[in-house]
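Two complexes follow with chain A in common, the first pairing it with chain B and the second with chain C.
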Partner chain A sequence: MGVENPLGENIITTSLDALVNWSRKSSIWPMTFGLACCAIEMMATGASHNDLDRFGIIFRASPRQSDCIIIAGTVTKKMLPVIKTVYEQMPEPKWVIAMGACACSGGIFDTYSVVQGIDEALPVDVYIPGCPPRPEALLFGLMKLQDKIMKDKNSFGSAIGLGERIASAA
Partner chain B sequence: MATTETMTLNMGPQHPSTHGVLRLVLELDGEVITKITPHIGYLHRGVEKLSEHRTYHQILPLTDRLDYLAPMSNNLGYILAVEKLMAVEVPERAETIRVIMTELTRLESHLVWIACHALDIGAMTVFIYAFREREAIMETYELISGARMTSNFFRVGGLSQDVPDEFVRKVSDFIDSMPGYLDQYEGLLTTNPIWLKRTIGNGVISAEDAIDFGITGPALRGSGVDWDLRRDNSYSGYEKYQFKVPVGENCDTFDRYKVRLIEMREACKIVRQGLDRLKPGPVLADNPQVCYPPKENVYNSIEGLIHHFKIASEGFPAPEGEVYQGVEAPKGELGFYIVSDGGNKPQRLRIRPPSFVNLQAIEKMAKGAMIADLVAVIGTLDIVLGEIDR
Partner chain C sequence: MAENNRAVLQLKEKYAASIIDVVEFRGEVTVTVRKDAIIDILSFLKQSLQYNLLTDLTAVDYMGKKEDRFMMVYLLYSISNKDRLRIKTSVSEADCHIPSATQVWRTANWLEREVFDLFGIVFDNHPDLRRILMTDDWEGHPLRKDYPLQGPDREPYKGRLS
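What follows is the complex of A and B.
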């Protein structure tokens, strides 16, 4: 109706960037890395009731296979170097989600041993408030991350070595 | 001439089966463990130090986040310690709701334990099943306190508010269906040859050793020691409830698994008795020195507002002295030791976390075993790093 299909019914046209972004956002593989209370809600999100698998989100136990790290819990000064190492082991492109008040800002633990927000060390893409955030909140955060991934520019070019991927600001 | 030497292997803090951020440094002879050194402190948040700068009411939310699988049990331990210090009497309805909620918490903690323990050993279906039931308990938490995990529901002298009307029906429905769910887990595990091979004879610790290490909770009862604080040093009206304390015989991982499963069935019975016992009445003690005023007074009268403001900002002064209160948390004896210098904040708050003490036995239990068996031992100890590191 009004739209012509010069290539026939079974062919759709898209940009290569959109194709790459779509495949990336449809298979976010986060690290299995629980730090504290939020990790339990992260597990609950991945388990039967909320079921992250339907978003193509499958937890991986190795940073080499992951493209997203969910900082789920309080980051202590003793833990920070470990998180940095894990983050550096992840291949590009990679995204960071700060889940919960502690990961966002230190939360109620304004003490000598707690890092006041993971953004002091890692570039955070999505902040999810809550102590701990509900599974629905984590799902919403992950969907926000998917939106953000869809806005990436030059995803295909950077994948074949032409220039840098330009991440969107929001 | 070939020489052999041991290998040092670092396990954690980023490891899917260390239940958080536990780090173990293993010495291996081939695949056999010869030495285990636990390194803790990766989740040290300074809760005890923070508590020295909070009024007695303000400390309560911190206790939620110690053992985050059993927030209400932590609340109860701390609140009972403060009530002991202040000599506050708790109304019967509040006491009964506390027992119902802590037993539901025990169910929740054991559900996450069986989920993770089975997942670590390779039975993934149990994880999916157990989190389905946990969701029902979380909905009950949400119904009464508004929060799913960190409930912060108890208050010194009672509860923050009365439970809504649908509470009884919801809890009743849940504990009616729970034994059937437990049968499902047992169907998946108790006769499963892989599960039996992985758990029978694994992580053996004798009753004497368990007592010497100070192990408490299901890990102690699995070794055949008949000790449960709910019965042997009763608190919060537990002496009025009929329940069995299961004990194991063979001191191994399988016996601890059976003890926890029976405990879950007993918890359902305690909740049922609690629901039968629930009578209308006040849920907060009539003690204006210590307790918050009812919300109607706060919103409708200046005296109530001032009263609320005073308790919320200043708290209450506690008499000089020290108290210790232990409760049977899902993981063992959780103790709160408060030293008061007469001010509105504790001079020192010491927490005796069960996981911290139970973890010490890990070398005894897993020495000479394979790495894969160590994973089963970590699962059976049921540790939570939030309360180990505090």
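What follows is the complex of A and C.
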């Protein structure tokens, strides 16, 4: 741009929205919350072989410190109020990942006691198919969520009280 | 053979009028008894014949297959004698009550709550007869044969459309 660059390569220019989005996507802290066999795969994803920590994804044991809830397993009608409470306790901005066939659609449990997809109760951002999905699938889903977070508009403005954050559709 | 089973011999002697049927199948002895004598018989089996462990207590729904719709099943085990016994008694839909076995084995408490929750059989003199698996505000009893599999508020599955 013809501008003198006295600081060399040590400076970049960006928008405030992109900076906020980048920091959010680089530190997705999911709620430690497993419901069924998907939770085993979720734990495997967090363990050393796949190592979610390298994406800044660190499981938190409190909804107050979480940005994301991974619905990892079958949601029964008896468990639904608990999940709703946990979701409501999470601070904004927050995201929901439906992991596995059960969380997406009820899966094989087409019965009276099972919620036929968590999207009946929570706004789902990413659906991960599989029964259960492999750790690679969960990783890919989380990376899709990162892409989605990067497309958010007005992230900085909403953080300082100017208007609403505009989430992208996909 | 079932006739030589120690419990069957004693029960036939003491409660002959209350015993409906004795069956042995693959070494498992099942005694079907009348409902009004069930607590007397269960107490006798525990006190006098050392059936001190109630392994399980459950029910079967024979809707449309038997005159009395439900069958209560008590699976007993004697730790000292290392033998098992199954006691059955029928419960009709019109009179869906049975005395609670909690006074004999305390473990019957939660097992009877489960049967009450899923079959709707009421246990008289139960100390705390509440639902145990379904939510408190649940309507109906899901293990009954006439309960719709996908719940009362949903269109039943009619097979694959394609």
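Here is the rule we go by: the second predicted complex is superposed on the first by the 161 of 170 C-alpha atoms of A that agree within 3 Å, B and C clash if a C-alpha of one lies under 4 Å from a C-alpha of the other, contacts with A are read in each partner's own complex, and residues count from 1 in each chain.
As a convention for this text, a residue touches a chain if its C-beta (ideal position, glycine included) is under 8 Å from a C-beta of that chain, and two chains touch if they have at least 3 such contacts.
For clarity, every value in this text was computed on a predicted model and none was experimentally measured.
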(message) Do chain B and chain C fit side by side on chain A in the superposed arrangement, or is it a clash?
(response) fit
(message) Contact-wise, after the overlay, does A:Ile71 reach chain B, chain C, both or neither (first, second, both, neither)?
(response) neither
(message) Just to be sure I read the superposition right, which of the two partners does A:Tyr112 touch: chain B = first, chain C = second, or both, or neither?
(response) both
(request) Go through the superposed model and pick first if A:Val126 touches only chain B, second if only chain C, both, or neither. (result) neither
(request) Mind working out whether A:Val82 is in touch with chain B, chain C, both or neither, as first, second, both or neither? (result) first
(message) Under the stated touch criterion, which partner chain does A:Ala101 make contact with: chain B (first), chain C (second), both, or neither?
(response) neither
(request) Identify which of chain B and chain C touches the larger number of residues of chain A. (result) B
(request) Considering only C-alpha atoms, give the closest distance between chain B and chain C in the superposition, rounded to the nearest Å. (result) 5
(request) Please identify the positions on chain A that touch both chain B and chain C, taking each partner from its own complex. (result) 78, 111-113
(request) Would you pull the chain A residues touching chain B in the complex into a rising list? (result) 31-37, 39-41, 43-44, 47-49, 61, 63, 73-74, 76, 78-79, 82, 86, 108-109, 111-114, 131-132, 134
(request) Could you pull out which chain C residues touch chain A in their complex? (result) 133-135, 142, 147-152, 154, 157
(request) Going by the contact rule at the top, pick out the chain B residues touching chain A in the complex. (result) 13-14, 16, 20-21, 41-47, 49-50, 61-62, 65, 68-69, 112, 115, 127-129, 131-132, 134-135, 138, 148-150, 385-386, 389
(message) Per the contact definition, I'd like the list of chain A residues that touch chain C in the complex.
(response) 77-78, 110-113
